[in-house]
Amino acid sequence: MHAARPQHPPFSPREQRLLRSLTDSGWGFYALLGGLLAVIAWGIIAYTVQLRYGLVVTFLRDNFMWGVYITNFVFFIGVSHVGALMSAILRITGAEWRRPITRMAEAITFASLLMGALMPFVDMGRPDRVLNLLLHGRLQSPVLWDMLSITTYLTGSTLFLYVPMIPDIALLRERFAAGPAWRRRLYTVLAMGWKGTEAQRHHLERIMGVMAILIIPIAISVHTVVSWIFGMTLRAGWNSTIFGPYFVSGALFSGAAAVVTAMAAFRWAYHLEDYITEVHFRRMGYLVIALGMIYAYFTFAEYLTPAYKMAAAERGYLSAVFSGQFARLFWFTQVGGVLLPVLLLTVPRIAWVPRLARVPILRPVPALATIATSLLVLLLLPAVLPQTAALGGFAVVRQPPPWIIAALGGWLFLTLLPLFRQRPIAAAVVASLLVNVGAWLKRFVIIVPTLQYPFLPIQRAPAGWAIYRPTWVEWSITAGALAGFVLVYLLFSKVFPIVSIWETREEGHQPALASPPAGVHGGAADAPAP
Amino acid sequence: MRLFGLPGAGGDPALAYAAEPNTRTGPGEAGRHWVMVIDLARCDGCRECTRACTAMHFVPSGQEWIRVYEMRDHATGNAYWLPRPCMQCDNPPCVKVCPVSATWKREDGIVMQDTSRCIGCRFCIAACPYQARGFNWVQPAESEEQRRQPYDMEWNTRHFKGTTEKCIFCPGLVKEGKLPACVSACPMGAIYFGDQAEDAVTNSQGETIRFSELVRENAGYRLLEELGTEPRVYYLPPRKPLYPTPPAEPAPAMVGGHR
Amino acid sequence: MRRLRNLFGCGFLVVALLALPAEGAAPARVLLRAQAPADGTVQVTATVVDARGAPMAEVPLVFKARTAFGWLTLRETATDRDGTARVMFPSGYSPEEVAIEAGDEGQVRAVISIGRRKAVPPLVRPGRDALRAVSLQPGFISPYPVPLQVTVFSLILGGIWSVYGYVVWLLLRIRREDSHTSQFRQDALRNP
């Protein structure tokens, strides 16, 4: 029926830019798609191996009953956290700069939640009995709480993502009238007959008003419940009352960083420089800094209270984390995953930073060359030397003492500072990637050390059971899940505009389109969008 | 989810039986409260209990349902052996977290495990502070004779891949009036088993003693009492042990024990 | 307790067994008698007599109770001047059987059956009410839903999901607007 209405205006230049991701697919897209599908296929192969032989193909054993899969679960749920939450808070507070980035944030929630919800099923010993959860489900178990809250959150965040997309979908319905049939059908169904009438706008605003408020407690409850998977056990290191808010703060931090990464990726891939500007990165940077500080505060509170008392049960994991086999991982998550990103987002704005470039040992080229050489030597040395036992499976740098790492890192940081000052977006991306790597590792450090130091010592365990080193199956499934996350996100951006067209128009974002759109909703355009 | 229409608290036994037609579990004995007492002064670490348990239940390799730990509470303390069955806690952390009630508390105090229902989420293993639960990471090797037996969770002779298992105080033997496998196998008579309601426990040497007196007079304690799990296994401290202490190697851990 | 009262309501039940024949002053028989007064306690009285049937004083005597796996020594005592000794069981608890070993080497033995164990069919998966006697947190370990928790969950989740329902209803309203306002086909997404 829409094809019968030929008078659609063609894409305006602005729409063309925003819809380029839908219309043009270069070789880069197909290469990425192929790569992602390959990784996912590999992950599926790994999973079939696990199904065939049992969980023995992982390195999970009686003492380490949870590992990488549950780490992924917590990580993905955490990343999913910020999208809807941040978007809801920014909507409620009427922060106008949010408009170009809310949708990509909400889509992160969607994609990441799908992968996160998958992980417990991958972790299950008997996935064939999954129906028992419905047949014999016990509401007293936190697993059921998780199921309920994640289902609720997935539904809510999908609505929250979908509803503000309706006007854009209606636009696509009009514009893609001559496009492929699946697009036409999809957009027609999803557009809900949107015509932009006053009444429709009113309903839409009401939905967004309700959902923006409702999604906040749901989002917070989801990660709280995830933390209770650990908090409801007696294990030293998990038996913590602040695990709920601690996990929420960590989730917000990693999620905000994920949004920054996504912003940079889409800005680069879809040429959205006009929409996602440096201002957005700066504002998101503030958010990341604030959340990082909250997270650091919670980490401090979480570790100081047991460390001060050093109760017998907690000694094991605390010393392993602070100075033992997990120390490098832990300090990386704290220095590299929290402190450094926060510094990267703040320090380049300080006035004296450009002067650093004048210091002789901080000249980029010689300094970088020296650092790279020494790092290379430090990394290659242990590889050449006879293998030492890799503790914890994660000993990235085995031999060099920590102070050398710290010194090299500090040097590198100071050298790069002036460069980052010139490229604030690059700084934000580096910071956010560090945050996410650190967040994943931190979840690992929350889960595994505690399992290594149970109340009764690990004794008479068969060879290799007393240590956890993830196997290729676990890594493959993790990579597959990550690829799945990216794939869902990518396909989303290929089907729907990743930057809200109608909301950015209301903002009067484009100088070329400064005149407000005339028509029935002229009045509404002045009000903040729902 | 089963919310309504089924026996709620208390429940009607007939309905409960009808709700679980495939459950060949003995319902336990009402009025019984099985309890175990382990005299650490008598334990010489021979691990006959572990072997008898493994033989009787065909415990899959890698698991020990009653594991004998080498313990030392502090640097100057004596080393001692600590057999650790499932504690059959009265406030069981594993039962609380099980999402499908594949593990549950019977009226006679036993924490049962239904491996035909378990979904393998391993939450119970995470929740158990005694490391008393094991997981079948592979399909356990089964003999032909074993495979012919029907699944009966009271005897726990069949094992399934991807499920959790543990000591269940041998309810099949107990129902026949026999002591659990580990108790009757202990050559030192260090393990007592009985009914707390009768206030009597019996060991492999036929000694039947008043449970309350045994625990009171020997300063009996429960493992990790401070966690509030209310175990049904009591330990008598290793005072003046009658056995050679554990060897120095591997170094006994200075964790746990009685505090 | 009703079980006991039924058993003993009419008075005394006497079971006496002869173990060993003996001569002269050696204890020959033990007469056992169980009494169940109305207060629920159970009393077992043993009378040791010699071959002529005369009660014997100062005979060492051991009371034993049958337990699940063995005989538990209840009391070691000696008969009084009347040749009797007794053991009391508090209200609500008595063993199935009580055995007596009399004589210096316990050579005279007798057993009295007091009552069977309750034959109440126990629950396969007991719920809160049954677990209350066993556990500190019967609701948390019960296999069945706890009404309070179900109510709280229903309120929270029901609230959220009914808001979702409201949102879907609004969405349907948006859809209906389309057909209602066909004359009002102003394309709001038109570009200037």
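Odds and ends about this structure:
For reference, chains read A, B and C in written order, and residue numbers begin at 1 within each chain.
Keep this in mind: contacts are C-beta pairs under 8 Å (C-beta built on N, C-alpha and C of every residue); 3 or more make two chains touch, one makes a residue touch a chain.
Note that the structure is a prediction, hence the values are computed from the model and not measured.
Set against one another, A-B and A-C show the most C-beta pairs in contact at A-B. Chain centres were defined as the mean of their Cα atoms; on that basis the chain farthest from chain A turns out to be C.
If you average the CA atoms of chain B and of chain C, the two centres end up 21 Å from each other. Chain geometry summary: the mean Cα position of chain A and that of chain B are 43 Å apart. Centre-to-centre, using mean CA coordinates, chain A is 55 Å away from chain C. In chain C, 139-143, 145-146, 150 are the positions where the chain touches two or more neighbouring chains simultaneously. Under the contact definition stated at the top, the residues of chain B that touch 2 or more other chains are 2-3, 96, 101.
Chain contacts: chain A has residues 136, 138-140 touching two or more partner chains. The touching residues of chain A, counted against chain C in their complex, run 9, 12, 14-15, 136, 138-140, 148, 152, 155-156, 159, 163, 166-167, 170-171, 174, 192-197, 199-201, 203-204, 206-207, 210-211, 214, 218, 502, 513, 515-521. Across the complex, chain B meets chain A through its residues 1-3, 61-64, 67-71, 84, 93, 96-102, 117-123, 125-127, 129-131, 133-139, 160-164, 224, 227, 229, 250, 252-253, 255-256, 259. Chain B contributes residues 2-4, 6-11, 13, 16-17, 20, 23, 25, 27-33, 90-92, 95-96, 101, 104-109, 174, 177-179, 193-195, 197-200, 202, 206-210, 228, 230 to its touches with chain C in the complex. Chain C meets chain A in the complex at residues 139-143, 145-146, 149-150, 153, 157, 160-161, 163-164, 166-167, 170-171, 173-179, 181, 184-192.
By the touch criterion given at the top, residues 53-56, 60-63, 65-66, 120, 123-126, 129-130, 132-144, 229-230, 232-235, 312-313, 316, 451, 454-460, 462, 465 of chain A touch chain B in their complex.
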